[in-house]
Each structure stands twice: as C-alpha cells, then as structure tokens.
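What follows is a pair of complexes built around subunit A, which joins subunit B in one and subunit C in the other.
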Partner chain A sequence: MVDQPLLRIKELRTHFHTERGRVTAVDGITLHVEEREILGVVGESGCGKSVTSQSILRLFDEKRTVKYEGEIHFKSKNLLKISNANMQKIRGNDIAMIFQDPLSSLNPVYTIGYQITESIMLHQKLQKKKAYEKAVEMLRLTGIPAPEKRVNDYPHELSGGMRQRAMIAMALACQPRLLIADEPTTALDVTIQAQILDLINRLNQELNMSVIFITHDLGVIAEICTRVVVMYLGQIVEEADVEKLFSNPLHPYTKGLMKSIPQIDGDRSQALHVIEGTVPSLHDVPNGCRFASRCPYASDLCRAKMPELKIVKTGQKVRCWHYEEILEKEEVDV
Partner chain B sequence: MEAVERNAKLVMLKNDLKKEQRNLFVRRFISNKLAVTGLIIISILTFLVTIGPLITSYGPNEMVVDERLEGPSSAHWLGTDNLGRDLFTRIVFGAQLSMGVGLSVAVITSILGIVIGLYASYYRVLDNVLMRICDGLMSLPGILLAIALLAALGPSTKNVIIALSVVYTPNVARVVRSAALVVREETYIEAMKSQGASSLRIIWGHIAPNTLSPLIVQSTFIFANAIIVEAALSFLGAGVPPPDPSLGNILFDGKLVIFTAWWMVLFPGICIILSVLGLNLFGDGLRDILDPHSN
Partner chain C sequence: MKIYVLKRVLSLVPILFIVSIMIFMIIHVTPGDPATVMLGDTATTEQVEALRNELGLNIPIYQQYINWITGILHGDLGYSFFMRQSVTMAIISHLGPTVSLAIMAQIMAIIIGIPVGIIAANRKGSLTDQSIMGLSLLGISIPSFLLALLLILLFGVKLQWLPVAGYKALSEGMWVHLKYLILPIIALGSMQVALIARMTRNSMLEVLNMDYIKTARSKGIKERNIVYKHALRNAFLPILTIVGQSFAVLVAGAAVVETVFNIPGIGQLIINSIERRDFAVIQGIVLFVALVYVLINLVVDLLYGVIDPRVRLNHK
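Right, the complex of A and B next:
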C-alpha cells in the first residue's frame, strides 16, 4: 500500500460524440503519477494531452458529448465511478488545474481575491475573513508583490504573469495533492515562463504536491519534469525518465521532436528539422501504427498492425516495431 | 497587533478602490450626453408625476359638468376633457399608472428572462424546450398577443402587466441566453468547474453577473416599449379599464373631440413621447457605457 502511486490511469478512453460520428480523442492511456513527482506530458497540438487532463477531472459534459472508459484511480477511488457530487468535492480540493490562457481563466467581474476566497470557502468551510487572509497568503506564496493590495484587483488590472500567478494561487488554495498544469506557460513570455516554472518547482517541493505538466515545449520538460510521457494521436508512444528520454529517445516521433528543437549554437543557414505531414484527423485513424504516415522508418508491418507499448531494457516504454533496428542503424551511422 | 493594523489598512484600501471605481462609472456616465439627457427627461417627468397629485386641487375622476372641453386656463392648466375632468390631474395620474405598468413589466420580465435565459443556456435539453416556446411567443405580433391574453384574462391593470410580461419575457430571455452562451464557453467557467464549483454556483455566481449589462439595457427598452404598448392597448379599449386614467385612455377620449379640443390629444401624446424618448436615450447611453465593444 505504501508504494501505491497517487494517480493511476488504466486504459483510459475518451470518446466524443460529434456530428461526424464518434471520435476517440484519448485511446487507451495507461499511466501513473507518484507522490511528489512532476510528470511531463508532451505532444503536438491535437494529440490528446488536454483531453487526458480534463478527463481526469471529468470536466466534459457526460450527458451529451463524452463517454469515458477505463479506470482512473486516485487515492483508492475510481474517479470514473464516483458520483458527480463526490467528484465536485475532489475538484479543486484534491486535484486542481491551471489553464493555458491566464487572460481568460479568471472571471472579469470579480476581484482575484474574491475568486480565490470562493474556492477556499467552498472546500474548507472557513469564514470569509479567514479565507480572505488565506487568499492573501496564497498570493504571497506565488510571489505576487504587495498581495494585500493586489487581492482587490480585477483580472484586467494584472499583467499576464501575475494573472497566471493568481490562477496558481487559486488552484493551490486548498492544497491539492495533485496539480494539473495544462500548458501554463504557453501564453507567457520567456522570463515570466522561467519564473512560473520555478514557482511550480518550488511549490512541488514545499507543498508535497504531485504535478502533471502538459506542454509541447521540450525545453520546459527538461527543466522541471522527472518522468515524461510522449503522446501521439491519443496514445502514449514513449514513456521514460527525463534523462533517458533526452539522451536516448527511442520512438521516431520523439526523435523528430528532439531534432526540431532549435540549437542555440546550431547552423542558422539550415532550415529547422520538421516532422513531415500533420497529425491525421481523429475521424480517420490509421489501422497500423498511428505515426506510420509521417515516420521515415515506416515499413509494411507498421502500416498494417499497431505496435504495443513495450517495456525496453533501459526501463523505457516505447510503442514501435523497429526501435531496435533504428538504434543499431544509428550506432553504425555514428 | 500587526495583523489588526494590516487588516484595517486593507479595508481602507478596498474602500478607496470601490470609491474610485464608482467615480469612474459616474464620470463615464456624465460624459455620455445621450444618457444624461435621457436621465434628465425621466427625472423631470418622474418628479412632475410624483408631486402632481399634491399641487392639483382636483381629483382624477372629479367631473365638473359645466366646465367640459375648456381650453388651458389658470384654473385648468391643461384644460378639461369631455366630461369636465381636469386634464392635468388626469395626465399626472395616467402617467403614474403608465410608468408603473412599464416599470413592473421591466422588472418582471428581467427576473423571468434571466432565469429562463440562464438555464436555457446551461442545459441543452431545456434550451430546446424553452427557446421553442419563446420562438412561438415571438412569432405573434406583440399587441395582438397582448389583446388576446387580455381578452382571456379580462381587462384590469394587473392583467395588462401580466399580458405585457408574457409578451416581452422572450426578448429578455433571448438576450440573456445569448450573452450566457458566450460566457459559458469561457475558460474561467471551466476553471471554476475544475475548482469544484457546482452548476448552481456557476450559473448564478459566475455566468449571471456577466449577463447583467445587456440585461439592464434591454430592460430599459422594454420599459419604454411597455409604456407605448400599454397606451395602445388602452387606446384600443383592451387595456386599463375606464374611468381610471392612463395615457392611452385619455387619448381614446380625446380622439372623439380631436377637432374641438386639441389639448386632449396633444398633452398626453407629448407625455408618452417624452417618457419613451427619455427611456430610449437613457438605454442607448447605458449600452454605450456598459458595452466597451460598441464604441
């Protein structure tokens, strides 16, 4: 029981009902988050990162649009089985979330203090005054200058970075065990980005909180994550510790992503590496390996049959038929 | 001690801020000529209508038989009608009643409209049911629907209010719904949900305040419209039953004698025009102030 991970997702499938038929945005995700771990989730736009995170909190309208399958175990509870009322108690209290766009994630008609206070009062049943003090404290924790004053500001009076800090303060107000950060730094400039990453890193240590960090920025992953999951078209294609992923990427998709990072001392005259093509539409998912149409190593086998997520000697997990051959070939090339 | 001081300081800061924001709103309001003109017209009318009963020496239904259809004079400022009733007094009471009907309709439709609009925007199934009903109501001409309802309910001031509320609630519901549909897709609603807020809290605590400005603007227009339609209904004999004065009733009485007693049509007409004009100017001004996208 001691080593039980905080969050365990098993074969999660999230289907959407659209006008063009059923679409499976997340297709059999299995992953876990340990206590105090920062798990990175990377992938291109539209590969199901955000859907995964929103499925954990069950934020989609289950009556109309979405159907979940699989299991999400959090603290011995299966989140997909519990009632809506119980889910509401978990949201914000045990699992909190911060969003990509801090500009639209705060309600413009209320002060940030009110919004943080609301969530504290909701879950901790504190009195208004106490909750208000706590809101100021949370804002101070996130490094907003003069929090006593800022707490009465409306969102439009704050800069983007401060708004994201306010969002984080709101998410952390009830000291959740797990924070889901859905591209929290994408809309911010680099200096603020670094500060927010530092902040999340610090809070992860200080508050004993696990983090799922969703991003498409490998630089950010290298900066703060301990373990990484690479997603492609609703599936996990590779899972590894962060060092291993960067030193020894196995899946051709991961390799492609790595090559696409601009090198600071690289040759400027050469065009940046691109992975050819785009992510296929979810309405038209290929039969075989989902990456086959864009993969330089693709064979007939790849196009015909989907590989399983295999555990490799190095402890990594990879979903590819040919990773060993590719590895050998690369060694020969070097 | 330090904490106490800090709290006191906080409260002060908060009050300052609130004051500042209120000042900002007042300044924006004052710089808007339309809104100010409208407000002045409405204020003057309201003032006259309120003090009118105190300065007149006649009752609204008091008939002086040998002073029928007399023109404006020092005894009867706006003349008398065909039954020898003082026109000024009747207009004052009539305007009171008309504005009262307008205001009641504006308030009732706002309340009903916000409830219907918010729930329709939040629950898709309800949306289909409620909006189809609204479509149905809106497809009928307002006055015709009101007359039909009054025919069923019987003419009385209360029933005029009910009928007009039924006629105008769909308009408000539409406006609220369309504003709410935009708001419910905002990330902050999802963020609130991810913080564990219930649907009730999201609907009333977070979506509703964001729909208030279009609602306020819409309700001032409905106020004005209700005054016109009430006058029309009374003019047609389907509204406030005589002998109670309403602006429409007085016009109706004046219609028969329009060529001998012009004052009986002119003065209540002016009164309707001014109140509707004032409200519409005020509403236009408010829309400019409350909706930052319009300018």
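Right, the complex of A and C next:
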C-alpha cells in the first residue's frame, strides 16, 4: 500500500468577517505533507502563509470572525469537521506550532517550565514533578545550557535565541507528528538563525516528525526544505522539489523572489532586486491572475482570466498562462 | 524583592512631607476665621483676638506648621476646641462607619466589576456586551447623590424594604448593620463597579489579542484556562491600578453619601468641620486620608511585583 501523506489539505478557503466586509485570505489551497518531510511555504508578507498554518489548527475565532471551507485530513480525520474538544486534543499533542517572535509568543508572567509542563500535564496526564523532569529534558534536547536552572526562568530573562529554543521545547514536549514553524527565525540575528535551522533539521530527523516551515526568505528554504510551495495572495502559484525550484523556477513570482535573495559572496554594491509594486489588498482581489499587476510578462489573457495550478512535464506545478513561452524566450536569451 | 519593598516604602517619606505642606497651605489660605465662626456674630474684637491667641493662630504660619508637624511625628494630630477632644479621638470615633462603607463598596465593585468585565470581553460585540457597556456608562455618569436619592425613594419610601437613613454599628448585629448600609454601599460603589468593569473589559480585550494567547491555544489549552490563567493575570495590572485609585474617589464619594444618609462617618465629620472652620480636624482628616491613600497604592505597587515578574526585575 502506498503511504498516505500525514497531512492533506484540499481546497482550503479561510474567510474573515471584517468591518470592511468579507475577505478570503486563503483561497483554495491544496497541499500535502509527507511523513518526516520538511515542506517549505514561501511568499512575501501578507500572502496568507500564517493564515494557512493557523487554519490547520483552527486557531481563529470561529464564533465571530472566521469561516473555513475545504478539507484538512490528518490521521484519517477531517480537522474541519471534528468538534472543538477533539481539536483541542490534537493541538499541541499531534500538531504543534512555533511562531515568529518568541518574546511575544511566550506568556510573560509564567516561567518557561510552567509553560512547557502545561501541555505535558494536559496531554500526557503526567504528574507535575514528572512533567518538570520532562521539561528539563526537552530544554536539554534543544541545546539550552543548564536546563535545570533555565526551567525556572521567565521569558524576559532569556536571550532571543534561547527563547526560541524554549518555544521549540514547548512545542515538541508531547512529540507531535507535525511541527508548524511560522517564520521561526525571522526575528533572530543571522548566527542564531543558522543555529535554530540546524536544530529544527536535527529534531526533524531524531524525532521522526514532519515540519511545515514558513518563511518569506527563499534563502532559508534552500537550507532546510525538501519540497516548496510558493504562495501569492492566498493561492499557491508554484510547487516543486527544492532542487527543481532553484534550478528551474517557472512562475514569474518565484523568479522575482529568487532575485531578491541576498548573495553572501555576491556583489554587495549591487542593489537587492525587489519585485516592484505591492501585494494587492484582499478587499480588491484582481479577477485574472493575481500577480498580473506586478508581472513583466502579463498579457490581456492574464488580466482577464485566472490560470489554474497545472502539473507540468518536470513534475512541478505552476499557476501561469505563459510559463512555457517565458522558458523558451529565456533559452533564446541565453 | 526585599530591596524593591524597601525602596517603595522609603519613597513615601518625601511624598507625605509634600502632602502635609500642601494640606496646611490650602487650609490656611481659605477665607474664614475659625475664631469668628466659633464665637458667632455677637462677639467683640477682644474676645475674637483672645481666642485666636488660644488657638495658636497669631504666631507666624511656618511656626504653626512646625508645631503641627512635630505633634504628628509624636502621634498627636492636634486638639479640636469645638469638639473638646483630640483630633485622633474624633477620627477614631467616626472611622467605623466609613471603613465599613468603603470596604464593602470596594468589595462589591471588585466581585461584580471584574467578572462582568470578563464576560463582556469574552462576548465582545454581543448583546450582553453592549448591555454591560451601556449600564456601566450610566453607572459612571450618574452622580452618587442622585443615585442615593433615587434609591431612598424606591427602596426606602415606596417599597419600604430598607431604612431611608441612619446608621447602626456592627456591634448591634450584622444584619442590622448591613440593612442600614446597603443603599449607601450601592450609591457609593456603583461608579467603582462600572469603572472596574470597563477597565477589566478593555484590559482583557487587549491581552486576548496577544501572541501568547495564540500560543496557549495552539497548545490545546481549554478556552476557560486561556481566559482565567493566561489572560487574566496579564490583564490584572491595569485593573489593580484602577482599584487602588478608586479609593480616592470612594473617600470623596463617602462625604456625599454619608451626608445624604446621615451616617456619622469621616465624610460627615469633615463636612461639619469645614462648616465650623475646625482647622485641626480638617487637617488631621485630610492627612489621614492621604496616608491611607498612599499606603493603599504602596500595597498595589507591591502586588504588581507579585503578579508580574518583569516589575521585580526592573527594581533589582
């Protein structure tokens, strides 16, 4: 039998009720995460990466603001169909999450130990003393020095890197099958960033868990992921294995992102290429291709009609009318 | 933590010193001569002059202040010629009703205001929330004397459930004591209820938007524990500040409410003393109230340190 993917999202739509009317922040996302895989999700800020990831855990206020559509299959359950109580059993236990800013994501008035043991006691029904031993063990696993002391520290007493390690220890305390890391290194400086990436890579292998790694930085994707999904304005515009994506990007948006990766050994005097224009507002989403207004190759067709996400010869998926012509043209140019 | 406490306590000394000077100045520049008031219109200039000497009003003002403050440092708040007793005794004999009234009003404010604020925050935008907000706006804007009169009219005169005025000490039994105090407590405490409810709601709403609430939710924590463990403790600091400050409002309100309900408390004592130009008593009470106010805020400050570890750190 073929292995079922760990997580399978089908046509996920996340709508918010706002004061200015209904917006669809995630508009028909279909993706899957294999066992032990690190899937990268990349896109500029505002593209719906965080909304997608938080929709998986259903973290938004369903009574007042949010409406989900589609299917999210995890362990033979559709997460969008199960009760809130059952969802709570999955959160932190089967699927855990870490966020961008570890300082604001940790509760300032409780110790690290309290916050780690909280989910251990809740999901694994361990006694307080055992839970604290487990917390110390988790802190050690994430490479925090003197974990038996740090466990009694408050978040503000730790450095930024240590805080993110503590967040990771907290997320992994119950051995989740899937870790969603939402820009976990964006708020950290470069050396710490590399350490945290190493840590996630190591834990991914040691603990046999899958990871969804969200970032706006393709450079980071190259270091950690096996497969990548590129998002633009609530949709997937390209999906590919990481080597293919870097050797042969198809969507003009992906190409734009590639050019904006800072080259460490490259020419520093050259200005960083940034894609011109900004992501359109969710309140006036274009009818045609959503990237058309910023795309150098956009035609009337692009502006009128939205392309589908198509599988192409190379095994990649791309949402673009003209990717073939663009490829040919580039080959001629070279 | 010990150093933090010590620092806070020491910082009170200059504050109280400045307060004492201000009290003294304000009272002694207000027009109206106590000797004239005490003796009435028929007194002769000589009689007034003699009494002014006796009251110590003819020595230089700084000398008067020094005498007063030296007395206070020896535990002597002065002597009221009008009441023919020491100011300390006068305050103590009027303290009971006011303490009862203020504490119960504050308790009512806390046990109603905080839960109501939490409920409103949890159901932001709902009919419940809107009703709570509407009522609390009313509670804040209605003057306590008006509320007192309305309460008397309804429960005292019309329904005759409760006495219209007066006061019975606790020694006469809890129920009797309460029966006389219920209306004054409501009249005095309503505004605090409203203030605390609104503060709790705003503070909770702010905290519930924080990232760490999302973290808690992502860990599978139950919604109830998110509200009461993760959010409330963070939301508590501003609430505590309001509770501390509302004491000042309570004392001011007590003067009005005690007058309307004819309760022989500190509020009534100070109003009567102002009419009589009984400087010694006025000074004594104001200083006493200032001291209590400062002490309550000290307790609030210390509680900050207990609730929020970051406060402790800043004062290490």
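One rule holds for everything that comes next: the second predicted complex is superposed on the first by the 325 of 334 C-alpha atoms of A that agree within 3 Å, B and C clash if a C-alpha of one lies under 4 Å from a C-alpha of the other, contacts with A are read in each partner's own complex, and residues count from 1 in each chain.
We adopt the following convention: a contact is a pair of C-beta atoms (placed from the backbone, for glycine too) under 8 Å apart; a residue touches a chain by one contact, two chains touch by 3 or more.
Since the structure is predicted, the reported quantities are computational estimates derived from the model, not experimental observations.
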Judging by the criteria at the top, classify the pair subunit B and subunit C on subunit A as clash or fit.
clash
Just checking: does A:86 make contact with subunit B only, subunit C only, both, or neither of them? Give me first, second, both or neither.
neither
First (subunit B), second (subunit C), both or neither touched by A:78:
neither
Which partner does A:45 reach: the first (subunit B), the second (subunit C), both, or neither?
neither
Contacts for A:148 in the overlay, against subunit B (first) and subunit C (second): which applies, first, second, both or neither?
first
After lining up the shared chain so the two structures overlap, which partner does A:208 touch, if you call subunit B first and subunit C second: first, second, both or neither?
neither
Considering only the touch criterion stated at the top, classify A:109 as touching first (subunit B), second (subunit C), both, or neither.
both
State whether A:281 touches subunit B only (first), subunit C only (second), both chains, or neither.
neither
Output the subunit A positions appearing in both contact lists, the one against subunit B and the one against subunit C.
57, 59, 64, 88-93, 96-97, 99, 101, 104-110, 118-119, 122-123, 167, 170
Quick one: in the complex, what on subunit B touches subunit A?
6, 9-10, 13-14, 17, 124, 186-198, 201, 205-206, 209-210
Mind pulling up the subunit A residues that touch subunit C in the complex?
54, 57, 59, 64, 88-93, 96-97, 99, 101, 104-110, 118-119, 122-123, 154, 156-157, 167, 170
Looking at the complex, which residues from subunit A come into contact with subunit B?
57, 59, 64, 88-93, 96-97, 99-101, 104-110, 118-119, 122-123, 136, 148-149, 151-152, 167, 170-171
Using the touch definition up top, name the residues of subunit C that touch subunit A in the complex.
124-125, 210-212, 214-222, 230, 233-234, 307-310, 313
